[in-house]
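See the structures that follow.
Below, chain A partners chain B and then partners chain C, in two separate complexes.
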Partner chain A sequence: MRIVLDRAKCTGIGICEALAPTVFEVDDHGELVVLSAEVPEDAQNEVTEAVEGCPTMALRLQP
Partner chain B sequence: MSAATVRSLVVVGASLAGLRAVEAARKAGFAGRITLIGDEPHLPYDRPPLSKQLLAPGGPTDPVTFRSRAELVAELGVELLLDAPATGLDPDSRVVHAGGEDVAYDALVVATGAAARGLPGTEGLAGVHVLRTLDDARAVRRALDEGARTVVVGAGFIGSEVASAARERGLPITIVEALPSPLVRSVGADLGTALSLLHARNGTALHCGQTVAAVEGTGRVEGVRLADGTVIDADLVVVGIGAVPRTDWLAGSGLPVDDGVVCDEFLRAGAPGIYAAGDVARWHNALFDRSMRVEHWSAAAEQGARAARNAVSPAEVQSYVTVPYFWSDWYGSRIQFAGVATNAGHEIVSGDPAGDHFVALYREGDRLTGVLTLNGQRHVMKYRRLIAQRARFDEAIAFARTSVLRRSATTTS
Partner chain C sequence: MEPNYPLHLPDFYVGDPAPAYRDLRHNSPVHWTSANGGFWGITRYEDIKFIGSRPHLFSSANGVLMPDGKPRTADPRPMLITTDPPRHKAMRQLISKGFTPRHINAMEPDIRAIVRGVLDSAKADIELEYAEGIVAKVPVRIIADLLGAPAEDWEQFRAWSDASVGSADPDIKMTSQAAFGALTTYFQRLIDLRKQDRTNDLISILMDARVDGESLSDDELMSFLHLLLVAGNETTRNLIAMGTIALINHPEQLRMLVDDPSLIPTAIEEMLRYVSPVTHMTRWATEDVELRGKTIKKGQAVVLLYGAANRDENVFGDTAEQFDITRRPNPHLAFGTGEHACLGLSLARLEARVFFEEFLARFDRVELTGEVLRMRSTMVPGVRTMHVRLGSADERATVR
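For the complex of A and B:
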């Protein structure tokens, strides 16, 4: 599964970083950095939660 | 096990917590009947944008809805009962009264939220608004688009976001705050004052320690008279003085209420099958070992989901534990807070409270309990994690030093 980020929707609130810190990190400018575009084996649940928990619906998963 | 079999779930409150509740119940494999009851005519919509994007000049006027009616009804199999304010609860016969109907439940999630506090004596005066619902936001937006001279009562987060929207249009705006410094309860007096410097820098007048004596006008607001006699001309008054949990409909139900529906750590509300979530819920947060009620987006979302999972699988309840988190956008700057603010002292570990960026850490004894950032998006979640891990304050300070070092090493190389 790949993580797809819609930059137009993302406002850098950081819920995803809170849920899956090894995959998402907000930078100094408030921009989200996806640290691993491919969902890591050991972080499937957290990433799914992060995608579903995004307040601006900026994340989705693509097979 | 048969006593615990849940065949019908009723969720009262069709905002974020209520929506997440019905979604989570289905995701947990619950195949029974689900009814979602809401008092507004609208489908569940997102509230943070109401004081942000919906007030921006040229911004959208339609709400952000999470799911279409078809998705809710056909895909999730949810029966919608909208425009139907709940009026009563009978926990013995397990019935909710809403919109003139009696709705029976095996499990119930109370997610009726909070109502914005109004300014007594201003009822029926045009141009005076609270900002809680889509209809409120549209009315405020219309007034700002028409060039309203605005007075905001209360220097909280909502009022400050209204001020940002007014200044973005170059409109005159004054904030009147009754307390000597703003945001005392949310972030403490010192840092509340630090944040309020943003108002002065962006041309918003802020009067602290001033109460409103009267809102003047006949039929429509014309001005606001302060206790010291000053009159500020106004076409729009936005009242942002907090919210009260919507528990009035539970009167007589016997459900324990004390500034919110009183729940245990599992969000159980003290009567069989009843749970609460979101702004209306006061629950025991084991991480801080205290009773809390928070009006935050992420808590509403998470509690809604947790309450519903517990409600449909009462034999496998899990506690809800969180580091409260909220954000607010002022004049293009982002404020973020995680944890609880204490008066036991704080330390600035990055930036300057008088500038455009800072990170402040709060302590309680030797424990890290909170973090406040201004334009510190990179920092906030890292400290939130430390708070969740019950980190000591000195560990957090050490972390701050190493991350500052790491950063200067990368910027100089």
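For the complex of A and C:
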């Protein structure tokens, strides 16, 4: 599964980073950096929670 | 006949609104209340998500508090919370730099020191007042620290901030206008100091920020500082105090948490869901919208009742009404949803986690010794005072 980020929706609050810190990071400019475009094997639950937990629906998973 | 509940009155929220919320979710999920000029109460999880993610259709510009019967117009100098797209996202993004998980987590040592300082005054085996005397000191000191206010100003700062939001509470003497004025003067002093000398505090970050190439005006900066104080103070206090009451009412879960502090983060998510410290936010329809067979007319208010959505069986299943500190996943809406979702959520979570880590390491038993006195508020109906007796964790260890 690939992680797709819609920058137009992202506000950089970092809920995803709190849930899946190995995959998401908000940088010093407030921009979200997706550290791994593919969902890592060992972080599937966290990434799913992060995608579902995004308040602006800026993240989705693509097979 | 449709159910009838006084959704416009503080007493509704101070009591136990859960049975009414259940009835509304099932029988009138888009529910018209005629009080205060009329508004729609929204109680289903899915509907609140729908509205929160459509800020063009449901605006925040007329204010986020439920209608009070007075006419509402857009604030000529809006706060972040009452700003619509596209300006909202630009402002939000620059301010959120100060609230990212990384930035907030770096504050953990400061927060722990503040929590320890407050808990040092709490003694075991005597009756003490917990909400005002202990819990309330934590968030206000953290905000003051975040803003760069020196420690000797914290108590004064707290008196003003309590009075500025406590206007509905007859026991608080200073008028909210007077307190608001005192805070404005104080904030202006902090801003003026930073004009001469930037530090790494939040005010400095905001002063260096640019929206569409322009820096924030002093007015915008001021309204943000007021917002931060209102948004970060009562809310966290309510979460911790009401969360403690939930633990007192579920002694087996308190025991579980004392025995395994690694459950504290999921316990805090459950407190957020179960307590829903902020009862609602309001949106204003920008055109006629059909929802569950009702027509929300252009200009009408919709009140998003987060506490109702957080007990929605369609999302949380058969145990939706139960308090379960091990619940996972827990996609509650306690911080709202959409681009206005709470900016301070990482800070709130950290404050609550550190508080319960430190508190439960010292005290493993808590009992109420009197009545719980609530704040009469429709938005943050927190705990004004609650008297408790604490049992020392050390003593129990010794007895063993």
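The rule we apply is simple: the second predicted complex is superposed on the first by the 63 of 63 C-alpha atoms of A that agree within 3 Å, B and C clash if a C-alpha of one lies under 4 Å from a C-alpha of the other, contacts with A are read in each partner's own complex, and residues count from 1 in each chain.
In this section, a contact is a pair of C-beta atoms (placed from the backbone, for glycine too) under 8 Å apart; a residue touches a chain by one contact, two chains touch by 3 or more.
Note that the structure is predicted; figures quoted are calculated from it, not measured.
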Fill in the blank from the handout: So, after the overlay on chain A, do chain B and chain C clash or fit? They clash
Practice task
Would you check which partner chain A:P40 touches, where first means chain B only, second means chain C only, and both and neither mean what they say?
Solution key: neither
Handout entry: Partner chain in contact with A:E25 - chain B first, chain C second, else both or neither
Key = both
Problem - Doubly contacted chain A residues - partners chain C and chain B - result: 12-15, 17-18, 21, 25-26, 28-30, 53, 55-57
Fill in the blank from the handout: chain A residues touching chain C in their complex are 9, 11-15, 17-18, 21, 25-26, 28-30, 49, 52-53, 55-57
Practice task
Spell out the residues on chain C that touch chain A in their complex, using ranges where they run on.
Solution key: 52-53, 89, 92-94, 96-97, 99-102, 329, 331, 335-339, 341, 343, 345-346, 349
Practice task
Show which residues of chain A lie in contact with chain B when the two form their complex.
Solution key: 12-15, 17-18, 21, 25-30, 53, 55-57
Handout entry: Touching residues (chain side chain B, partner chain A) in the complex
Key = 46, 48, 64, 66, 297-298, 301-302, 325, 327, 334, 336, 375, 377-378, 380-382, 384-385
